[in-house]
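Heads up, the next two complexes both have chain A, just with different partners, chain B and then chain C.
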Partner chain A sequence: MLTVRYFAGARAAAGVAEDQVPPGCTLHQLTATLVARRGERLGRVLGTASFLVDGLAWRDRDRPLPDPAVVDVLPPFAGG
Partner chain B sequence: MIAVTEAPLDLAAHERAVVDPAAGAVVSFAGVVRDHDHGRTVRWLEYEAHPSAEAVLKEVAAVVAADPAVRAIAVSHRVGVLQIGDVALAAAVATAHRAEAFAACARLVDEVKARLPVWKHQVFADGTDEWVNCP
Partner chain C sequence: MTLPPLVEPAAELTTDEIRRYSRHLIIPDVGVAGQKRLKNARVLCVGAGGLGSPALMYLAAAGVGTLGVVDFDTVDESNLQRQIIHGQSDIGRSKAASAAASIAEINPYVRVVIHDVALDRDNIFEIFGGYDLIVDGTDNFATRYLVNDAAVLLGKPYVWGSIYRFDGQASVFWAEHGPCYRCLYPEPPPPGMVPSCAEGGVLGVLCASIGSIQVTEAIKLLTGVGEPLVGRLTVYDALEMAYRTIRVRKDPNCVLCGPNATQTELLPDYEDFCGAVSPEAELAVADATITATELAEWRTAGKDLLLVDVREPAEYEIVRIPDSTLVPKGEILSGEALSTLPQNRQIVLYCKSGVRSAEALAALKDAGFRDAVHLQGGVLAWIRQVDPSLPSY
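Coming up: the complex of A and B.
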């Protein structure tokens, strides 16, 4: 199972802090599943977000995600 | 002194933390909560950090500290609810000469803003709110 953790504006857009998604998908497929479940507002955030998989940056949208895995959705940073 | 913390930040403590007999220059920076953004009045804001934020802050500080001109670095980011005038980011850099200290402190702040997984939630006077930089 994949655990998706939403942070900050991603959490606000999703309306929840976490989602559970069946494994066996790429990041591209995962984001499509999340948009279908939570709506286009989350889709806009996912389009600008970066992703961590089990704590490490994950940039390849077409490689299968590990199972199990924790996928963190990080909207654009706004510190300082 | 490198931390992501809910406690109020003390800029003078950061300056003291970089004192070094070989350093002729200490440049410090305070990022302060202001009462307006894009023409709108800000009432208060809240910073949220990813659990990795302090580790990332240490990496960023190490990158800037790798410059042989840099004698010492202190940098902290505050999280949680902040009021107007509160310090959100405190940074201090010590070098032998002033030009290097200004440059290194500016680089440190730029790198923190670019790389630190921290987010800012602004609440405006009209009751609306936004996550800064988030579509």
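Coming up: the complex of A and C.
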């Protein structure tokens, strides 16, 4: 099972703190599943977010994600 | 992970210093040795703004011997809601000079070095070279990537913090012992997609929540106590009042700090790397930009036009150009607002400063609104050039 944890603006857009998603998908497929479940507002946040898979930035959108895994969704912001 | 202290102890503490720092000295983990390390430490704070204010004030109070302040900006009234190192009488003054004066009042034993310049690829190595540790309190992606890259290339640790609305993040990036900023955020977000605090706002006191974490980590690194926030990211949610810590691993494919790093020097242009606006927006605005003065002339001449404000409702409430219609940028980009806009009237888009309206203009042009234009410099330009009686924000 994949555990998706939303932070900051991603959490606000998703409306929940976490989602459970069946394994065996790529990051591309995962984001499509999450947008279908939570709406387009989350989709806009996911478009700029960083995805940490078990702590490691996951850049390849077409490689299958490990199972089980924790996927942290971190939207960037640069305010100071 | 524990790490050795970053700084060797100073030779001694004076009687006055022993009195001043007594509450530190009686903590066994800090003690005289730790306080001497702080005295010998040289810390550079990049930005004397929201995060830089509490960071500099607490670093000064803690007895860090040398504090550098990098800021080329001047104090504006809208800074005072959160930038507590500056006061009412500092409005219009250089932020670096204002910060230096506050530091001198907090602790006269601190040596302050003012860098009243914008950091760039030509000066950053020389400036960073004079310090043991960097505290990043900048307010834009371009400078954040510049700071990270310079710190990694120089092998220096830095304490990173970032804030927006009710959310904050902090970490220690030190490529020798853990990940760097690029391991966490490999690429900057597309321009115009992530609002800044000037566009989206920030809860003033959030600066203290994150700035104090940065100072805590700085003191731990300098004195070698505790577990530094290396390889971990603290995420703060003020609405929920929760701090979470996320593990961040060093990315083996990091272009900057990975084993097969391909970037061995600073980028030629960080503004360009982060993009002021997207290429689509740049193309869209090429022949479709008017100035505030032109807009005023169009209106005086009675030209039939629809003035569309693409900012957020809260901004529209603060100040707006008279007789404008609010259609937030998101509704234009998603397409949902397109059917409400007329094809047969001249459309003029504006936002706060002209970045968001450029993005919206690109979407409008794509949708067939060929004559639409946007206002250069946004409502801020309108206030400056046409109606200075309106409030700036």
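Going forward, the second predicted complex is superposed on the first by the 79 of 80 C-alpha atoms of A that agree within 3 Å, B and C clash if a C-alpha of one lies under 4 Å from a C-alpha of the other, contacts with A are read in each partner's own complex, and residues count from 1 in each chain.
Going forward, contacts are C-beta pairs under 8 Å (C-beta built on N, C-alpha and C of every residue); 3 or more make two chains touch, one makes a residue touch a chain.
Just so we're clear, the structure is a prediction, and the values are computed from it rather than from any experiment.
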Note to self: On the A-aligned overlay, A:E40 touches which partner chain: chain B = first, chain C = second, or both, or neither?
What the structure shows: second
Notebook entry, point to check: Just chain B (first), just chain C (second), both, or neither: which does A:R59 touch?
Noted result: second
Item checked: On chain A, positions contacted by chain B and by chain C -> 7-9, 44, 47-48, 52, 55, 72, 74-80
Notebook entry, point to check: In their complex, what parts of chain A are in touch with chain C?
Noted result: 7-9, 11, 40, 44, 47-48, 50, 52, 54-57, 59, 72, 74-80
Notebook entry, point to check: Where on chain A does chain B make contact in their complex?
Noted result: 7-10, 12-13, 44-45, 47-48, 52, 55, 72, 74-80
Check: Mind pulling up the chain B residues that touch chain A in the complex?
Finding: 31, 47-48, 50, 52, 77, 88-89, 109, 112-121, 131-135
Notebook entry, point to check: Which residues of chain C touch chain A in the complex?
Noted result: 47, 49-52, 136-141, 144, 161-164, 167, 169, 183-186, 188-190, 193-194, 196-197, 202, 233, 235, 237, 244, 246-249, 251, 253, 330, 334
